[in-house]
Amino acid sequence: MPFRTEPMTVNIGPQHPSTHGVFRLRVTFDGEVITEVEPVFGYLHRGTEKLAEERNYVQVVTLTDRLDYVSSMTNNQAYCIAVEKLLGVTPPLRAKYLRTLVAELQRIASHLIGVGFFLQELGTFGGTPLMYCFRSRERILDLFEMLCGARITVSYLRPGGVFSDAPADFWPALDAFMQVFPGELAELEQLVLENEILMVRTRGVSPLPLDVAVNCSVSGPVLRASGLAWDWRKEDPYDAYDQVRFEVPVGTNGDNYDRLWVRMQEVHQSLSIVRQCVAQIEPGPVRLDLPLVLRAEAGVEAYGRIESPRGELGFYLVSDGGISPYRCKIRSPSLLNLTVTEHLLVGWKLADMIVSLGSVDINMGEVDR
Amino acid sequence: MTLQAMLIVAAILFCIGLYGALARRNVIAVFMSIEIMFNSVNLTLVALGRYVAPHALAADIESALTGQVFAVFIIAVAAAEVALGLGIVFALYRNTESVDLTEAAQMRR
Amino acid sequence: MSCQLAAGNILYENPLLRWVYDIAGTVAPCWAAYLAAGLAFMLLLVNGVLIGTAILTWAERRILARFANRIGPNRWGPFGLLQPLADLIKLLTKESLTPRSADRIVFNLAPILMLMPALLVVAVVPFARNIALADLSIGVLYVLAISSLTILAIFMAGWASQNRFALFGAARGVAVLISYEVPVVLSLLGVVMLAGSMSLNDIVAAQAVPFFLVQPLAFFVFFTGVSAELNRTPFDVAEGESEIVAGYHTEYSGIKFAIMQAAEFGGTITASAVIVSLFLAGWAGPLAGYLGWLWFLLKLGAVLFVFIWVRATFPRLRTDQIMAFSWKFLLSLALINLVATALEVYFLRGDSRTLTTVDLWVMAGINLALAAVAIGAFGRLNRAQVQRVRPPLPVLAPAGAPAGKAV
Amino acid sequence: MLLVDITFWGLSVVAIGAALGVVLVRDLFRAALLLVVVFLAVAGFFVLLSAQFLAVVQVLIYAGAIAILLVFAVMLTKDVPHGNLPNRLQVPAAMVAALLLAVLVAVAAATQWQPVPLAQQEQVAVVQTGSAGLANLLVSDYALAFEAVSVLLLGAAIGALALLRGRPEQAP
């Protein structure tokens, strides 16, 4: 256009209703169209990696709760798997099933939050879909409370198993949840997935080409929405994932709708995994008899990774023979998924920006660590 | 309120508009002044239509509305004028990146 | 002193005003009594709208909460009915901030200017038989003209705040309002043609068949256009909370914010009142002579409920999509409706130059079919980019495995 | 009528004050807002002159549409708070305006206007207040002018679009 307009630089955040915590985007607009975008983060930095070097191996579990605070179970899982690799131990079978079960419940809860806030950012400010999501999420958190007494910061998993076996009344409660939840999910899908406004707002918006996604090391639903069936639960099964059958939903266009669709489908698959776990689980011990203070051999390194709701979550641990890790590096999916921000946002409008950011479903606790 | 008072108010408005149209540098300010002049003319027309009897009044009572009809046309034409005029202003801005009339005169090619 | 009103005067037609006028006329000069009668009714209307605003904020929060499986405000008073009062006290006692770089005069003037159209429009709405402040012969045009002033207030608020989000909101709001003005005005032409008058009173009287049946397309266009002009979901881009914080009223706080909110909800109420008068036969109903106001309020409540329902359900559109919706979809529908109504009125009216109830029913039949066809056809044209929903993946596990087996 | 007189003088003060503001205020945005005040005051005059239809049209077209367009155009100005500068013609312009004002006032005061006959005043008032007469005139006596204006508006709309349409980018 020969019409020269003045570029306008706006700080979206750190205080903004839709930046998922304290996240800042320095955006340069031409009218409402984004020409430049620069993510700024670090506002929530708590030095988790450094703190982990000052605590013993079991204490670090509580730190991992606070990384991605909407999916603490999977954070626990990744860390515990890393420590188990470091020690060279394998948890008992029942613990593996319990871990898989709670991880999938956590995935459902986390995806419900992702989907709910994604819809909120699309402007259903009445909050109906968000509350539909929260209704179901609350039930899952209640289940977690029965397991370990906490709802958000669970610290349920331990190196070598889980904190304790599920109480007797957990199984009927889980059963009740499995009866109610599919109906609630259907209600949500009916409200959302066929909505025409949602279609025009998300179809074809901010597509992420597969090569860009792979080159930027993107993982999780964002990668799968771009068309690659890459899921660590299939590629490198951990815990009980080699015992259960499930599909990996894959998108085609990598647009906002596909990212939403992949999440919704994963919820269905997770539900099926939970069912299989319940059907297959056998009585037995839930925790290895490990010493209270763990020590690994000096010079051993281990990388434990899982498929968290947001992508590949990995803990890289180095031991110097002491009671705490010598070095703890966290590969957080949210941070790496942010590397495609520019590809997703430049050229789109302000309204799409917020939605695309929501579709990546970042969590600042994990980005800033 | 008399016809004379109404006409004088309209005249004052017209002259203020005239001054603005002549003495402002910004195209948009000139536009605004012209709009004031349009309005004062409308006012005059309607006031005359209200108070002064046209020759045809005795035969045709609707001729009392002639002033209003003229005002309607002026408003319509003013709307067209603003649309086109602002189009020209935008075109001017596109070429000179300024809405200053004095600069526009100097940059004539 | 006894003042006598000429028959044909606005006040004469209106029993309430005449009563005030007669009382005031016994003690004051006639012109003062005239003024007093008008002011008394204005006081009633303004306070009615403001109290209605308070009730609407409560109702909207309660109903939205029910849609979302929540309870909503329930602490203050029965069913939380005093919540608006508590909110008001909170806002009144808050510091009324003016940003340092803001244009102080314009910034403070904008909320007042925003409230003004909402209050002015009720002047011509007939609440019951012969109860309206002014039965203007150009009522519909008056409503349109006054409500177009909101644009200016929004722009003033957004510009004077010196805030980027506010400016975004103002620019979006003005763009939306200007686009939707066109279909809204065109849609009302059909109604005016049917009633043969622009006075709201005459239009209500002409609705032997409610006009939302006779003019379904116009009703659809007007309802949609009005929700866009009122910045309600799914057209609330001007204050899209998730995108631009609060749009043009980002910088407003305290009492100024309260006035802005009152203007917004008051605008919804007056717009609904206009919809009721134009399309839902206003105060007409059984025993309309005595219960006209009740019918009016019931219909008002129904329209408001639809507004809230829409808000609870739909996501927001993008600005360019809203523009496209107005120009490509609503404008076409309004034009179709205009041409169809003109032809129907011309052919059905016949020599008597009036439309009978039978004529109206015939038109209702034709127009309902036309509306279905037109909305379907244009919807399909505009839906090119909307593809079918992707089918869900199969779930592999055998469903319904007994839980609790492994206790 | 006392009320009418008070209203008239009030409106006059507002209209003239706001008009002066439009041409004298430095802040272009405020000037545009004052212009809206002028428009509204003129609409008030129309009501006083029993031209209700015109008053509403004035609000709808001038305050609702033209003013908004102008406000949008104001954004083109680089420094809006100080954008409304006078040029060098200030003094001559003031002189011309003052001279014209003197002539106009003299003419308005000196002319013997022929008032509406008393017998017809009632009738004229009824005709002028209603909008039906105006509508009749527009589609009967002034139909040609009416059509011409519609063509003009269409032309203006197309012309404005043509002016604003981006020319294809020239290759550098």
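Note that the chains take the letters A, B, C and D in the order they are written out, and that residue 1 is the start of every chain.
Keep in mind that, in the parts below, a contact is a pair of C-beta atoms (placed from the backbone, for glycine too) under 8 Å apart; a residue touches a chain by one contact, two chains touch by 3 or more.
The structure displayed is predicted, hence computed values, not measured ones.
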Chain centroid nearest the full-protein CA centroid: C
Comparison of B-D and A-C (more C-beta pairs in contact): B-D
Whole-Å gap separating chain A and chain C, where each centre is the average of the chain's CA atoms: 43
Euclidean distance of C-alpha centroids - chain B vs chain C, Å: 34
Distance between chain centroids, defined by C-alpha means - chain B, chain D (Å): 6
Geometric centre distance via CA averages, chain D-chain C, whole Å: 29
Residues of chain B whose C-beta touches two or more other chains: 90
Shared interface positions of chain D, touching two or more other chains: 53, 57, 65
Footprint of chain C on chain D - complex, ascending: 1-3, 27, 29-30, 33, 36, 52-53, 56-57, 59-60, 63-65, 67-68, 71-72, 81, 129-131
Contact footprint of chain A on chain C as seen in their complex: 64, 67-70, 164-165, 168, 172, 233-234, 236-237, 240-245, 311-321, 383, 385-387, 389-390, 392-397, 399-407
Interfacial residue positions of chain A with respect to chain C in the complex: 8, 10, 16-18, 32, 94, 119-128, 130-132, 135, 168, 171-172, 174-175, 178, 191, 193-201, 203-204, 244-247, 249, 261, 264-265, 268-269, 271-273, 275-276, 278-279, 281-283, 349-352, 354
Residues of chain D defined as touching chain B within the complex: 4-5, 8, 12, 15-16, 19-20, 22-23, 28, 31-32, 35, 38-39, 42, 45-46, 48-51, 53-54, 57-58, 61-62, 65-66, 69-70, 73-74, 76-78, 83-87, 89-90, 92-94, 96-98, 100-101, 104-105, 108-109, 113-117, 120, 123-124, 127-128, 133-134, 136-138, 142, 145, 149, 152-153, 155-157, 159-161, 163-164
Residues on chain B engaged by chain D in the complex (per definition of touch): 1, 3-9, 11-20, 22-26, 28-29, 31-33, 35-36, 39-40, 42-43, 46-47, 49-53, 57-58, 61-62, 64-65, 68-69, 71-73, 75-84, 86-91, 93, 98-99, 101-102
